[in-house]
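This is the structure I have questions about; it appears just below.
So that you can tell them apart, the chains are marked A, B, C, D and E in the order they are listed, and the count of residues begins at 1 in each.
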């Protein structure tokens, strides 16, 4: 019963929106905005037309989805490690931040498409370049949020650690990291979805497989149901990945008093 | 396909008869353009005042890449646009502009000639002849477009199995670096990149993609929506007349070169080396139908597509 | 007794955007090894600031702190602090047990660490709370966790900033005795900031009375009470009663005075003199009957 | 006296991952309008939880709280709380003055609000600190800001959780008297949780003694000390002395017991018997006059 | 000058000594002038260090560009780019492009903040709404702006509205999430305090939750500002239409592969990003500086 109401609560808005879209698209009959049912058909045609032994997944899934996902997760993983490590360092050292801050801000403001020529020089076309694009794009939310988190460790806790002469590694892993963790997770959540975006961007150049390139191809061929099917796939992937990350987060932040439903800002009366 | 093209051809070649038969409905035309060689004729026509003579004021809107052109037409932020035929046919076959009366083609723009659609390779790559491209990776600017079509057709004509060749999408400006970097084995280039790569890196031409089955293949032209064409027939006709003059002038290399340096920011040395295509003065359904048929062959279209209904012939004779 | 801690002409000024605030001004005293010194002073006079300079967390604006003759730069070894803001000094992501173990992680093996933390928690009466998180505890319990953490660390120098402010009277007595016991057993040097005058006399070998802000030393009283002390007899003794009256007087005056009771005329205005008399008398009558833990 | 606050069969259980913890169990008492009731009890017994249920921040698991006969649902009007964790209850982004003004913002005009905040800060001796930020203040000063904020609000019901724990003795006396004065002037109903037994007797019209966790009422003592009280004469009086001994005894017992001395066998093991004996002795010596309220 | 420096191995510098807090909600900043020199000094030091860092970056680039590892034509060294850049700064059409991008940037940042902060406050404080919208939000977030370009053009045309809409679409997420997460970290005692003093739900949200979340929200805004810039320039590059730096860069590339011009345009974009970030950081320091001093409250 409770599970059912939870499910309803979670999906009812979504369902309503889809319904509204269906009706609106039906009335408007605009080729750019096909009806969700049409999109669903196109999606099923694209990905679920395979034989039974592959769980009905079609070749497209293995040819495009799997490599894309691999690149995506690898890129995001690299960005997470680099972003958290660098962020902790920069967040705890004002001096390092002063030296590196402007250059990082500068780099952060460079649009990835402008960097394509440079990346082409530095990396080979294909996976390494796509990884570079993804990492370069999704690093920033993790980095900035980690810096912020590391910087705002409660001063009493900092002093406590200093007084007990906590060794550096233990201080970073045992104090800075946990107290920055909520902010880091905010960054990870943002960048996980962003990595899907950048996966598509990275497939603008130099690939012949991947869901991003398929999406853009459909777009260029004015195959709007196909393009929307790609968009929906991104949405599904985004939702799934974020659900997994959220589960991880709930586990990592289990110590927080607020977990389970009620947020501190909630005023119940 | 001698429907309207030849009559328009005739009127345009008279030249200079500025007795406009009807008042233009809309004098200010927002014209979508790309900064490429293909639209040199427009710039010539603007410079020489051909549009003004017809009572038109052209406001160029620079668009990057074809993805923006047709949506731009549909949204009304541009009135007429340059684009490639493949995109027009694909869009029309999907009914992209059906709310706006479909797409209408109003003027031819650019057509391939030899040495302007070529596959190049680095001198040390060992790729000398079309045969050497078998199983190799070739950079093209966009999948499922004119480049891929012509490349496949000519490869097939040279006994290379096009399904064995891998294509990778890369912007023209990035191709030279990618070839040097050995990220790809060869690249499908257009001017001015061909000239630049020949001159700068000593690349050699392996295969002319506008030869044999694709000899003189049409590339792109000017289109508008059905709604615009039916509401502004005089403006469209005026545009067609001015374009015809511009197209004609563009045949002369010495006229185009300086214009190129101007709008496409191509340096003088490169400009003198560039191989130009054809700037046809008439819009002929039969020629465009070749493109549609090629698209069908390589599955860019699902069924046979007749281009004739898309063509708006010059009304002024 | 050798001087373990030496504070010489110490001064500290906080810089703020509304100008500077001098919290400590020219403070000097020494603490011998193994001594327990209580610091009392009015609220806001600079006691916490003093502890922060001694622990090397704040570099003083003037003067110097030295430990064993070496000037303090950075946080010295073998030091533990119980912060006044105890609830913020606990790590919310660690259980109570882990909080107590935390400082030991680098130096003490796993099993021993556990044992020491459990022992310390037992001392402060929280043996059952080891698996809870700090925010599941009451204020007084949190404060005791902070005390347990400092004790489990077994420092050579222990600084405590109002360590018993949030616990009930009974627990307070027990913790006081616990502190005395630990001090004797491990020969720890202890500096306790407290607001409870009785406590300062009961605990201290010496009581350091500070003036109002900016803090300077008003008096440095030796407490000549026999060891071991106990909550019943010690608090009953004349020495104790006399000393607590002296401390109270010094605190109120704000500076040392040769006369034990100030001239009535000076105090009549605010009724302090009368209050004074009453307190001393009440004290004699009272003599709370409590007992020594362990 | 009409009953302003009524707590009836109140119980609260915290749900945790490793099982539930009952903090309060079956607590009942009433507070009349204008009364000042002190609550004492061992650390961790559930005093703060009690205040949180009364203020409507926590919905109790069992029983009910009513104000003026209406059951408390949500936070009642005209209520102020001084939290035990005072430093965390101050808004770090607001200056001290603005912190005190905060509750008045919606109801009181700008100029009047200023004046009232300034007045309250003056009461607690922080007239000069209005423009500082909370983190620029010492612990005791922060606590006084929290008190000033509650007083400036002029609530009908004032709940205070160990409000004077971090201030020195002298300031504490002054704040106690301030509270008594304000209470009389504005006819405020006050509930004070304190660990200081003397304070509970000195301040309260009644003292409510709670048992160890889960809290229940051990005793509800009426304090028959004449008003106005004062730090000298009141603390001298026999009634005062007797009452404070009674509270101390009740606190130690943890629950009322008909037999004064428990069976030795039950307690000898943990040394409680000894504590016991000492305490009773002290009591006899003191000759405390005790009595049960109601 | 520095009043608190902890010189130990664990902490690095204490930020309270470096950053002066200023009130969030009082409009008069008394005594601000008294310490201007002290603050100026710190700022100058930060600036010097920043410049040194930038110089290091340029040196590496220069050496790399001149090393012959890559053809100079493709990666011209900064000395070459600088010359082009100087020339460009006198070029009116280029400046017009820059102005167009800057304007679009300001508008899109304002819109993002205006949309995301209120939405974040609602989602962060009303759990049911958060649950109910989670599926929609998680579905929308990974949709790339590039995929939406044609749709945006069809709906909004080729004008600046289109690129602003796409930029806002990409930029609301960091602000939204940082706001939500900051509310999660809000000290419940602060909320309790406000509530017992009779603050309404809205007031708790605006005068407790919002200020407390503000430091982290600002970080989100800084992220979003650069996201806006990146998307704007990318859309200009990929779609064209309205003038902008991206269009300039694309022209320089597609015309004659002038990498020096491309990099000059890119540098301008980077400098723009830096300036916007710097401005926001100053605002952050001025308005929510207490966040640095106080440290996170947990």
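Following the convention adopted for this analysis, a contact is a pair of C-beta atoms (placed from the backbone, for glycine too) under 8 Å apart; a residue touches a chain by one contact, two chains touch by 3 or more.
Computed from a predicted model, the values in this text were never measured in an experiment.
Asks: Would you kindly count the fewest steps from subunit D to subunit E, each step being a jump to a chain that touches the current one?
Replies: When the steps are counted carefully, the minimum from subunit D to subunit E is 1.
Asks: Comparing chain centres built from Cα atoms against the global Cα centre, which chain wins on proximity?
Replies: E
Asks: Tell me the chain pair with the top count of C-beta pairs in contact.
Replies: Highest contact count among chain pairs: A-E.
Asks: What's the distance between the Cα centroids of subunit A and subunit E, rounded to whole Å?
Replies: Those two chain centres are 19 Å apart.
Asks: Just how far, in Å, is the C-alpha centre of subunit D from the one of subunit C?
Replies: Computed value for the inter-centroid distance: 25 Å.
Asks: Can you give the whole-Å distance between the Cα centres of subunit B and subunit E?
Replies: 40
Asks: Could you grab the centroid distance between subunit B and subunit C? Build each centroid from C-alpha atoms only and quote it in angstrom.
Replies: 86
Asks: Which residues belonging to subunit D are in contact with no fewer than two other chains?
Replies: 56, 75, 85, 88, 131
Asks: Which parts of subunit E, given as residue numbers and ranges, touch two or more other chains?
Replies: In subunit E, the residues touching two or more other chains are 6, 8-9, 21, 30, 74, 150-151, 154, 187, 195, 208, 237-238, 253, 293-294, 297-298.
Asks: For subunit B, write out the residues touching at least two other chains, lowest number first.
Replies: If we look for residues of subunit B contacting two or more partner chains, we find 67, 70-71, 74, 171, 173, 177.
Asks: For subunit C, which residues are in contact with subunit A within the complex?
Replies: 52, 55-57, 75, 77, 79-81, 83, 85, 88-89, 91-94, 102-103, 105-106, 133, 135, 153
Asks: Write out the stretch or stretches of subunit A touching subunit B in their complex.
Replies: Subunit A residues touching subunit B: 29-32, 116-117, 120-121, 124-126, 204-208, 213, 217, 219-224.
Asks: Flag every residue of subunit D that touches subunit C in the complex, lowest number first.
Replies: 14, 16, 18, 21, 40-48, 84-85, 87-88, 131-132, 136-141, 144, 161-162, 165-173, 195-197, 231-233, 235-236, 241, 248, 251-252, 271, 274-275, 278-283, 285-286
Asks: Applying the document's contact rule, which stretches of subunit B touch subunit A when the two form their complex?
Replies: Contacts found on subunit B: 66-67, 70-71, 74, 87, 90-91, 93-96, 98-99, 139, 142-145, 166-171, 173-174, 177-178, 181-184, 300.
Asks: In their shared complex, at which residues does subunit E touch subunit D?
Replies: The touching residues are 21, 23-26, 30, 187, 189-190, 192-200, 203, 207-208, 211-212, 214, 288, 290, 293-294, 297.
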